[in-house]
Amino acid sequence: MSPDASPGFWLTGLAIVAGVLFVLGLLAAAGRVRAAYWATLAVCAAGAVLDLGFLAAGHAGPPLSVPIGLPGAGIQLALDGISAFFLLLLMLIGAAAAATALDDHGHYNSTAALLPVFIGAMTLSLLAADAFSLVLGFEAMSLASFGLVLTNHTDPPVRSAALLYLGMAALGAACLIPAMALLVHLEPGAVDLSFAAIREHPPQGWRAIAILVLVLIGAGSKAGLAPLHVWLPPAHAAAPSHVSALMSGAMTKVALYVIVRMLFDLCGPAQPIWWGVPLMALGAMGAVLGALRANIEGDITAVRACSTVENIGLIAVGLGLALAARSADLPALAALAMGGALLHVMAHGLFKSLLFLGAGAALHGAGTRALERLGGLIHRMPVTTGCMLVGAACLAALPPTSGFASEWTLFQAVLAGPRIGGVALQTLICVVALLMALAAALAAAAAVRLIGVGFLGRPRTPRTAAAHEVGYAAQLAMLAMALLCLLAGLFPGAVLAAAAAGLKQTVGLTMAGRSSLLLVTPQAGSPGYAAPAIAALLGLALAGVVWVVRRRATGGSRRGPAWDCGFGPPPAWLPFGDPITQYGGASFGQPLRRALGVALLGAFELVDMPEPGQTRAARLIVRSKDPASALLFKPVARWRDALSGYADHLQFLTIRRTLSVIFGVVVLFLLAVVLLEQL
Amino acid sequence: MSTIIALIAQLLHIALMLAAAPLLIGLIRRIKARLLGRAGPSLIQPFRDLQRLLRKQPVLADNASWLFAAAPAVSFAATLAAAALIPSFALGMTTAPLADMIVIAGLLTLSRVVLALAGMDIGTAFGGIGASREMTFAVFAEPALLLVIFTLALLAGSTNLDVIATVLREGTLGLRVSLGLSMVAVITIAIVENGRIPVDNPATHLELTMVHEAMVLEYSGRHLALIEWGVALRLLLWLTLICTIFVPFGSGQASGFPPYWITGALAWAAKLGVLAIALAVFESSIAKMRVFRVPEFLGIALLLGVLAVIFLFVSQGFT
Amino acid sequence: MIGELFTPAGLVALLPLLTGVAVAFVPSGALAAWLVIGGSTAAFVMACALPWQFGAGQLLLVDPLSAHMALLTSFVGMTTAWFSRGYIAVEAAAGRLDGARLRQYHALFLAFLGFMLLSLLANNLGVTWVAIEAATLAAVIIVGLPRTAEAVEASWKFFILCGVGIALALFGTFVLYLAALPVFGPGLQAMSWSALTVAAPQCRGTLLNLAFVFMLLGYGTKAGLAPLHTWMPDAHAEGPTPVSAVLAGSILNVALVAILRTRSILESNAEAIPPGPPIMALGLLSLILAALSLWRRRDVKRFFAFSTVEQSGIAAFAFGLGGTVAVFAGVLHMTLHTLIKSAIFQAVGRAAQLKGGQQFADIAGLVTGHRALGLTLAFGIVAIAGLPPFGLFTSEFMIVMETARRIPALSIVLGLGLVISTWALGARLIDLCLGTPTKDKGPAPGRFALLPAWVHLAAVLLLGLLMPGQVKAWLLAIAVSVR
Amino acid sequence: MTPHLAYGAFSYDLAHLLGAAVLVLSFGLLYQRRLTSIIAIYALQSVVLAIAATWQGWVQDSAHLYVTALIALCAKGVAIPLALRNIVFRLRIERSVDAALGVFPSMALGVAVATLSILVVLPNTIESETLTREDLALALSVVMLGLLSMITRRSALTQVIGFMSMENGLILAAVGLPGMPLIVELSVAVLVMLAFVVFGVFFFRIRDQFDSLDVSHLDRVGGTHK
């Protein structure tokens, strides 16, 4: 605690940032779109600076009371390590999104009113220091993103996606409020909703279990934790890309933050070991499911959305392990797992928003997001493709990128997991490790498919052949994100240092002594992962190779038609050759679809082969359905309709029957009274 | 002082790897030829091939991008970096602290991904086939590998290859079921990763059965040279890995007295020879399997890996 | 006793009634409309003075609750009168209402308002009952005014069901009197709310139970609590929009207030059964039933009528839960809902006139076509769905919170109902306000036609997140007085 | 101990008798299947109610009750029955009523309901005056029976009559309560409602059921408005 009783300078500044963001929405609504975007960019940058300042020099001061909220009570804002960490990510992505929106890619202008509000709402839920403001921010966030998803509301799929999304948002609130209420300890008299008061009475017994379930449903659904991830791909595909970047990069992280805040911070450390199990199991499940779907989806935005599901799963595994280890009183392991999770939060937030911005660029430059229509963008959109390569490298977890650093740490934690003990848990951890590795490999395949089909090869449509690079603001935003990705990859230790306060707060131990700027190690003193060294090794090897080749080989090269096992050069009327003859998304995914998709996603493919003599082209139709939607969402919708059908009967009774209902109710109540009085 | 020696050992190791890779290929080809009753090429034939390829000027397809031209070098560099981390004749080289098995796996993935991207860059069907199948195999190989790493990490308490090798070399752990299972798994993975029979046939000329070859079909000249060399290096790397982990005996200590390196090198050569013969015999005795049976093939490795880990838990009540 | 009608408090109810009588004889529609505005405004002005004249007479009772509800009702009446002027003009222009019926409409509007105010302010169970009955009859006639088959059937259903309902309520009134008899002896005392509330502990608990059953079911019918709610959607859907706008919020408030008072009487009696559970049961039932029914609606006004049932259920649930916090939240919920719902109905009415139909199929893409109208409706729906930043979020948060703290299991049911309804509301929000607009068949509303709705929404926004301290104290006083 | 109990057993007996008569008559309503006779029974019930009110007025010597009695006699005993009869002849409603529930079941149900209401009231009011107690029980049974006969018949008129006998039950309860204030006003209000029903039946040409309004004769101004 700080000696001075005044809320810190950083906190006040960030609170102002949130307020300004809300006001900016009005500014944009008043028609000053570009001004609003510039201001958003500036404010987010300022927020990032303030947040860094806090991480560097600040200490968690007393909360800041704002006279808005529950009647008379107002809300409290506070800033501590864990929220500051997530806030940093949010501010960075927010700035990038605003910058991208600066050069209007078609309909970006119509998002001007809600984008700042969206960021502001997320800021609010990160700064929240009492139950009400957390739920308020969370719901405002959901509402704003709901509006943003509806940006081009005239086509039906967008509307249905937004509707599903809203349903999940409502579910979130309906679970989080009771969870909060269970956390607030029972004492007659005034209810104190502030986190400080909640921490003093950690829940026990069935309350704790209920809270765990409610939080997993309420926040997990928002984070895209399996099996409640079904809303995520359609929503991300429906939203404008810079919004998807925010949703996937920041919003899912805010949901994770809520999980961390409630399960780690507010519930206290005195919880059973098995608390981590559901997070681990669901996480591993979702990781594989998402990564596999990423190899099957045909829309590059949907591909990224599915890989978001995968990465959220990995983070969830880390969180679950940290919970279990903390309960088993293994703080070192807990810190390792939590550190890995936070590292992946940062890494995924950065590279996923980068990828989404790239998707937006592709949509703008090439006019489509369908893999089957893209191709060859590397020639027309070099900058975008370069940034996408960086993002894809992180997605595929290739050393020495940030994705690899975080997944390495997570794997180290999982491999050390068996120390928690109990053969059942150990076996579970073994299976989880297996699934994580599977997911990572699948993600690599998805990354290759994404880049190889979408950005390399030959253009598949004239529109793609005529693609053009996006505006400078968008390019700069992407380049900046790419740079951040590389830095985070080269210096994971720095990210862990930024997370130190959060680690201390959640698991009681930092990675101090185990992570320096250059090196991250599982245990103090043991060898670990030194990203800069690996990078240097690679660089040296590359330099050596180039040197050898330069000295020994004949330089230069000739151009000619592709050999392609003797296929002739393309005819004049098809300058790029027949686009059909190259591998598409569906064909690239085929082996995986056959090997895993049939079992896990009920995938099936159907070759539509024209009769001899017909001139139409043969087509390959691929269908797959997500088990979660088949087993969970569709039945729920069915029940809802059936029940509403029953409820409707009551409405259309004749007056006489309605009177009989009244009569019945009266008799029922009278009987009840009689019985109660006889007792 | 010792650091200097360690550095020397390191450079020596890299040089040895680079030199031994083509030699190994030559050896295997020769043995196979003998088994098939042919005379076979000389051992240094691969060197001659590399020379020739380096001298030829490459032909790039019309729509090849910079990525296509850069890929072989990057891929080779990644493999080389991985190879530099795997101790051959002596432990405790300069890069020993970096020699994390997950990092090694990552580097190999890097080289594979780069080549796969290059394969798709021209936009031919064969490049696509190759890339798709290569990535698919990896999807099943990597989890199996991770399980092996899991077993070793549980035994040695670290994922650092040098530490593991040291622990295993002491032989204090004795013979373990888990190690046996993991070895089978690793061999299976190695076969897949190097595209050897029965998974892929490096010597095939029937495009539809190609995997790796299809992926690099468009390459020529120095690019192809780098790729061929890289393939050879990767095979050597895997065999060395198997030696280092499962038969770590005889390897010297980098910081130790240099003459011991000789014995280590000899031991290493002997192990490699044995493995080469085994591989040749194995390859010439069975037929290539259909592509879609490879996942099942790898599935076995995967299950063995799981079994190895579980055995550990049960056997020593690991806590 | 009659003299009390001429006190400032009495004038609140009397002025609209007198104006109504006057309007009945005014031939000109325009003048009548202005008179309606005048009468309701006068009522509101008088009501503004209520907080400074607490006290219980033989006829009238001015305590925080009644003052608050009267203030609210008269305010909504006033704004609706303003809205009604423009709306009815269009209706008349379209020839849906001829001169005679126009006059009936205006007179009955005021009568309806006046009697509701009277029943809110009445201190005598009998008077409350009579006033509610009169208000019901007025509403029945108005609902039937369009004279379409549907309207007439709706008003008939409305009349029969509510007739039976308030008959039960009257019986409850008698029993309550009987229960209080031994305390006060024969006379008016035994029928006055104020006296009953004070003397509840000495009343016969067992008789109170009986009274409670009949009061709850009788007034519950008027409050639209399931399963006695079926008249409500039809009445709201078929009646002229201004009345359904007032109906929506106010008539159920009147009934809820009666239930609330009865509840507080039973609460303070030791030997009576606890009144909370039955009220909560009916409330939850209404919430769930209405939320489910929302999914099947094709008619916009019916749709929002069901959401009224749902909100009424939530408020009733809160009252059943009891305790300062819950009652506070319940009163807040009731207040905000009244404001929002009338705003929504105003927008919907305009939209129906604009698109020449009140089916969902007729109305789409309002935001694209008519920005102000569309946004008003959109904000209204967001508000009624209990989403931030509007006030219902606050009240629903408090209610769910309180439930989860005291009866955790119920909070799940409550949350479920809220999810289903919010979902349905969102779906309809998308249908109505977004998408490709349908073509207009009627006149577009003027620039300030929706000013009343905006005022309501602004008030809701303010009360939700920035409630002034005085207002809080005021609501708290209510909660304490009927806790 | 209110003064009028000093009159002793006789007052009690007669009041009880009258109340019982009202109850029996509503059983009759429940039983009867011919419209005209149903109307007749209703008229009779109203008359008995009027007598009961008068008697109570004399017992409690309150003038209000005489007014109530007068209203009951004139309006319910004479005017409304005549109006209904008129409707029956005007609209040529067939005289026999089709019941949704058979005679015996409805009677059984009626008995059950009556028992229930007595059960509800009697133990509750041990210490209150016997007269009131009995009266309340009877009134409640009459109300419930009225509701019952509304839902066991399909014919609109009988439903209307059931509604009215419900109101009779209410008035019976009211007159039974010693010193019930505002009784006149209340009975007037009830009367207004009854008038509404009758008016509605007549106006909407309701022949067989509540639900089957015949609004064909209404001038459909803007009939499209919906």
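Chains here go by letter, A, B, C and D, matching the order in which they are written, and residues are numbered from 1 within each.
To be clear about the criterion, contacts are C-beta pairs under 8 Å (C-beta built on N, C-alpha and C of every residue); 3 or more make two chains touch, one makes a residue touch a chain.
The structure presented is a predicted model; accordingly, all values stated were derived computationally and were not measured.
Chains A-B form the pair joined by the most contacting C-beta pairs.
As a whole-number value, the distance joining the C-alpha centres of chain A and chain B reads 35 Å. Chain B and chain D have centres, each the mean of its CA atoms, that are 99 Å apart.
Rounded to a whole number, the gap between the C-alpha centres of chain A and chain C is 44 angstrom.
Centroid to centroid, with C-alpha atoms defining each point, chain A and chain D lie 68 Å apart.
Multi-chain contact residues of chain D (touching two or more other chains) are listed as 120, 123-124, 147, 150, 210-211.
Those residues of chain A in touch with two or more other chains are numbered 655, 659, 662, 666, 670, 673, 677.
Chain pairs that touch, as defined above: A-B, A-C, A-D, C-D. Across the interface of their complex, chain C is touched by residues 2, 120-121, 123-125, 127-128, 132, 136, 139-140, 143, 147, 150, 163, 166-167, 169-170, 173-174, 177-182, 185-186, 189-190, 192-193, 196-197, 200, 204, 210-211, 213, 215, 218-223, 225-226 of chain D. The touching residues of chain A, when paired with chain D in their complex, are 654-657, 659-660, 662-663, 666-667, 670-671, 673-674, 677. The touching residues of chain A, counted against chain C in their complex, run 67-72, 131-132, 135-136, 139-140, 143, 146, 150, 153-154, 159, 162-163, 166-167, 170-171, 173-175, 177-178, 180-182, 184, 186, 191, 210, 640-641, 643-648, 650-651, 653, 655, 658-659, 661-662, 665-666, 669-670, 672-673, 676-677.
By the touch criterion given at the top, residues 54-65, 67, 69, 73-74, 76-78, 80-81, 84-85, 95-100, 102-103, 106-107, 109-110, 113, 116-117, 119-129, 131-133, 135-136, 138-143, 145-147, 149-150, 153-154, 157-160, 162-163, 207, 217-218, 221-222, 225-226, 291-292, 295, 302, 305-306, 309-310, 313-314, 317-319 of chain B touch chain A in their complex.
Partner chain B is touched in their complex by these residues of chain A: 375-376, 378-379, 389, 393, 396-399, 404, 408, 411-412, 415-416, 418-419, 421, 423, 426-427, 430-431, 433-438, 440-442, 444-445, 447-449, 451-453, 456-458, 522, 526-530, 533-534, 537-538, 541-542, 544-546, 549, 552-554, 556-565, 567, 576-577, 581-583, 587-592, 594-595.
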